[in-house]
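Each of the next two complexes has subunit A plus one more chain, namely subunit B in the first and subunit C in the second.
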Partner chain A sequence: MNLSAGWIIFYLLVFPGFLFTTVVGLVYVWVDRKVTARVQFRVGPPFLQPFFDFFKLLGKDTFVPEGAPRSIFFGAPILGLASVSILSTVLLVSNFFPSQAFGGDLIVVLYLFAFIPIILIMGASASSNPISALGGSREMTLYLAYELPLLFALATIIVKSGGQLKIGDLLNWQWANRPFLYSVSGAFAFVSAFLCIQAKMGFVPFDIAEAETEIMGGIVIEHSGPVLGVLKLTKAMLYFVVSIFLTIFFWGGFRMPVKGEWWHIFGWLKPIAILVLMVLIKNTNPRLRVDQALRFFWSIVLALSVIGFILAAVARSAQTPILWL
Partner chain B sequence: MAELEPRVIPIGPFHPLQEEAEYFKLTVEGEKVIHLDIQLGYMHRGHGKICEGKTYDQIPFVVERICGICSTSHPFACVQAIEDAANIEIPPRAAYIRSIVGELERIHSHLLWLGLAGHFLGYNTVWMWAWKYREPVLEMCEVITGNRNHYAMFKPGGVRRDIEEGMIPPLLQVLDKLDKKLWMLTKAVLDDPVLHARLEGVGILTKEKAIEYSTEGPTGRASGVAIDVRKDDPHAAYDWIEWEEIVLTEGDVFAKAKVRLLECLESTKIIRQCLEKLKGLPEGDIDAKMTDPPDDEGVGRYEAPRGEVFHYVKGNGSMYPERYKIRAPSYMNIKSNEVAVLGGSVADAAITLAAVDPCYCCTERIAAFDTKGKLLHTWDDLVRLSREKTAKMGGGS
Partner chain C sequence: MLKGIKKGALTRSLWVYHVAASPCNNCDIEILDLLTPRFDVERFGILLTGSPRHADLLLVTGMVNKKVLDRVLRVYAETPKPCVVAAFGSCAISGDLFVDSYNFAGPLDKHIPVDVYIGGCPPKPEAMILGVVRAIEKVKKLKDL
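Take a look at the complex of A and B:
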């Protein structure tokens, strides 16, 4: 708990924060593009393509639309990048060095997660373009749609673990007992959290706020050059962060259920498996309308997570907590 | 964020939705579309006028270039107009070959549309898969005509290349494989619950409105308007073989997709029968020579993948036509969007606009304005000018 300032800066900027997440995030983008390409009978890009794309954007001009408040227009993407870096630091530090995590970090993670769509909406409304305002309003609706089921899904695992609010403790509980995913209530919670994350990432069927063929990129339509690059980088880092988010909260982190330290290397495959699942869903569905997405989250997904929550509460209230339920 | 004062969401003149120049001005309240203004005419090329300076042998090549996708529909109607004017009967073998090429084009055009529709819905996998399965069709076109597109196959009086006996069995084999893939795609699209949710009841064009806007082709047939030139005015080989006209009554985007998919399957049926019939006909008899240039009017109609293509030609005994007029289907179909998108959301508008399979090269008309924005030729002026010209040429009523 008593970290020196040097270590905190190292954690934030190098590992597991900004630099590490950037590199892994761009690799994840490559995995996404490659899997997508293979599903669609295409060859797909070379490994370094996402890096080239990012560096290319850094060298381009930035246009600031007339009437856009510069502070928000430039500030929002940077805030987004910062919050994703902190998010990944908090999540990974809890996973690798549980003793150095702080109490209530789960709450911080939830706040930072909520911060990202708000940043996007801020950036969109700062660009004074009717289309990006439309994109912003869609993002807002979508955020309201998925936030409640996501909170219920997390409440499920908190109840199941007996009220742990520290990510490290949640992980310890999973290692001591079993990952939440391998129980009925946990599976319900995982499915609904997974769908919420799909929406948070703006993946098809929930890429409603960007909808290239409807509103031409929507929230990012007026961004160009390095500003767009930073937004894309934030998105790329989010690829990695959401997959470790699901791995840590539902699948027992990076540890494998076998003896021997070396096996844990394969734990890195878990977030990749989650990413591939997300990409496959993305490639086998058309885009929903925003009202349909709202209805979907507030009926089916919310029902799933509430069922999970009730089951978890039942399992906990038994004399000895029922692990499989 | 979504204040309720109307604002304009532009689709076009250049928009990732459609790769051609067009302008749909959507007036929206929040997400709801309350008005649509359609502006076309960004790429006027004046094909009718160009044709008046070409000989009858050259015209099919010119009209072929009106559209890359309908690159056999326009020559089809064109050669029929010329034959009508010159009173030429084409040999049956040429008629069968024309139908084969026409139907191959229909399949590849509908698959192209299906792919694009998937792309517009963010369903890029359908896009890539549909275009992959379109590839054997283009290869068949190449085997038969020598080109994947712009076939240069038709000439007044017949066709330029024969389909030899030895080519028929391999073509039939490819057709069998294609049929399986088409069935798979059809089922995949018709059974997808999310597609149902997105397309059913969206962009409904009622039968009355479909007739009022003179829609044709799959757009009309999905709304219950049973018009198909191949049935109503049979030509080439279409009344010598068995096939069905697909008509649905729902009028929504889903029905339009269904009509096109089922039509693809009908087309493979037509091609298969034509290929079988070719076996019994003498090889090489594909051209009734056109000896004298026409001295009369003629019209040609063909059911292009998007609807009826109409060509009119007026000859005066010289090598060049005196008047050439082309009417393409998309111009009618696109206008019907004025009613189809109203009341829907912006998200639905994108796919509804695309559901008529708009082909903007076919739609180009011009209006002349002076520098202050005043229309130079009104409708009445144009009618008067046209009558004066007809009178000058000494014909017409």
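Take a look at the complex of A and C:
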């Protein structure tokens, strides 16, 4: 891999980093709101609504609560934005140019994914509001709940591909054989990873940390104006990033299983399909309590991912690796 | 041009915080009508928020009594400017049948600047939508943007 500094900056800031993810992420927020509205037999907001919201928040005042450390209060959202930009850059560069990725980028992705709840907890506890501190502690509990099943799900696909730690190699394996989703162990891993991502996004039934109707937005309750705008933008970019995360690791990236370059355009519909599935689950379930969520993740979801892991190990240890298992 | 973008964005995405200043709960129930499929004000970018820090439009319901006045003033101070205030229902506008009460702290516009009046006991959804239209017109005329 030999990239000039100019290209790295272009990747990070324009495509597929910050700017691209911003635009696509805001469009994904619109998809979420529109699907939600249609489920409730409403019309829903216009296409540009998330952009209006963002620009409006940039133009409003910001209050710093009394007793809040300014550096963390303003710094946390910016760190979150930066980490999501890097995350989307690493994921998409591996998808489009698998040869330009670096070794062990899977580990980097996992670390950056873990960084986002930490940012939220920092921002919440920096706002010196008891309700947002409550939201922060719930976010932490939830993070402890879903992290282990998520790691097991990823370990499953690593074992299945024969120990690849590069996202590009994982993708090449899927293109050469079959996407992980279309095998028994991969399907188990996908279901548990999907539920973990649902919790990471703070979607119902795991919106325990934000709980609009209970603790009034929880972690973001004290943020206003541009600070809130940046937090919302981070969340919007995360919509896109988690969708491509699941697509790349389980569904063979943006490539379609047909011959011909132009068919791959339709690969862009895969992350949208995953998003719509998440939104439908979000709209048809009630919120769990944090202890219920913890029990759910540490029993059912963990069991699913461990079963997937064992199946993958069995499939790998056969004379010729069994692809469908 | 920057001002134009700011103003345009604000008129298309008014987030509402609902200040319950000792209401009888009738107005509060009626507000939720606007979010139902029949009226669906999210078409115009209007959302209910849980925190005054996120709000652009304060809907004050109920007759403002002496006990709750401090809180109303505080919520108004906590709302990031530019914001608009709507007096919602007859009670917030004039005190209605509580006008002679020992506890009545005066109509809302005696204490904070009110931009929009939405009359009725409770107001009809049509009246509320008219109020929202007036609030948007008010935002367009705001000078400090």
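Heads up, the rule we're going with is that the second predicted complex is superposed on the first by the 325 of 325 C-alpha atoms of A that agree within 3 Å, B and C clash if a C-alpha of one lies under 4 Å from a C-alpha of the other, contacts with A are read in each partner's own complex, and residues count from 1 in each chain.
The working rule: contacts are C-beta pairs under 8 Å (C-beta built on N, C-alpha and C of every residue); 3 or more make two chains touch, one makes a residue touch a chain.
Predicted, not measured: the structure shown is a model, and the values here were computed from it.
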item: First (subunit B), second (subunit C), both or neither touched by A:D207; value: first
item: Subunit B versus subunit C as contact partner of A:R289, first or second or both or neither; value: first
item: Partner chain in contact with A:R42 - subunit B first, subunit C second, else both or neither; value: both
item: First (subunit B), second (subunit C), both or neither touched by A:G6; value: neither
item: Subunit B versus subunit C as contact partner of A:I221, first or second or both or neither; value: second
item: Intersection of the subunit A residues that touch subunit B with those that touch subunit C; value: 40-42, 212-213, 216
item: Subunit A-touching residues of subunit B, taken from the complex the two chains share; value: 1-2, 7-9, 15-17, 28, 30-31, 118-129, 132, 192, 194-195, 197-198, 345-350
item: Of subunit A, residues touching subunit C in the complex; value: 33, 37, 40-46, 48-49, 51-56, 58-63, 212-213, 216-217, 220-225, 228
item: Interface residues, subunit C side, partner subunit A - complex; value: 5-6, 8-10, 12-13, 36-37, 40, 42-43, 45, 49-51, 53-54, 56, 78, 80-82, 145
item: Sites on subunit A touched by subunit B in the complex; value: 36, 39-42, 121, 125, 130-131, 133-134, 136-137, 140, 204-205, 207-208, 211-216, 283-292
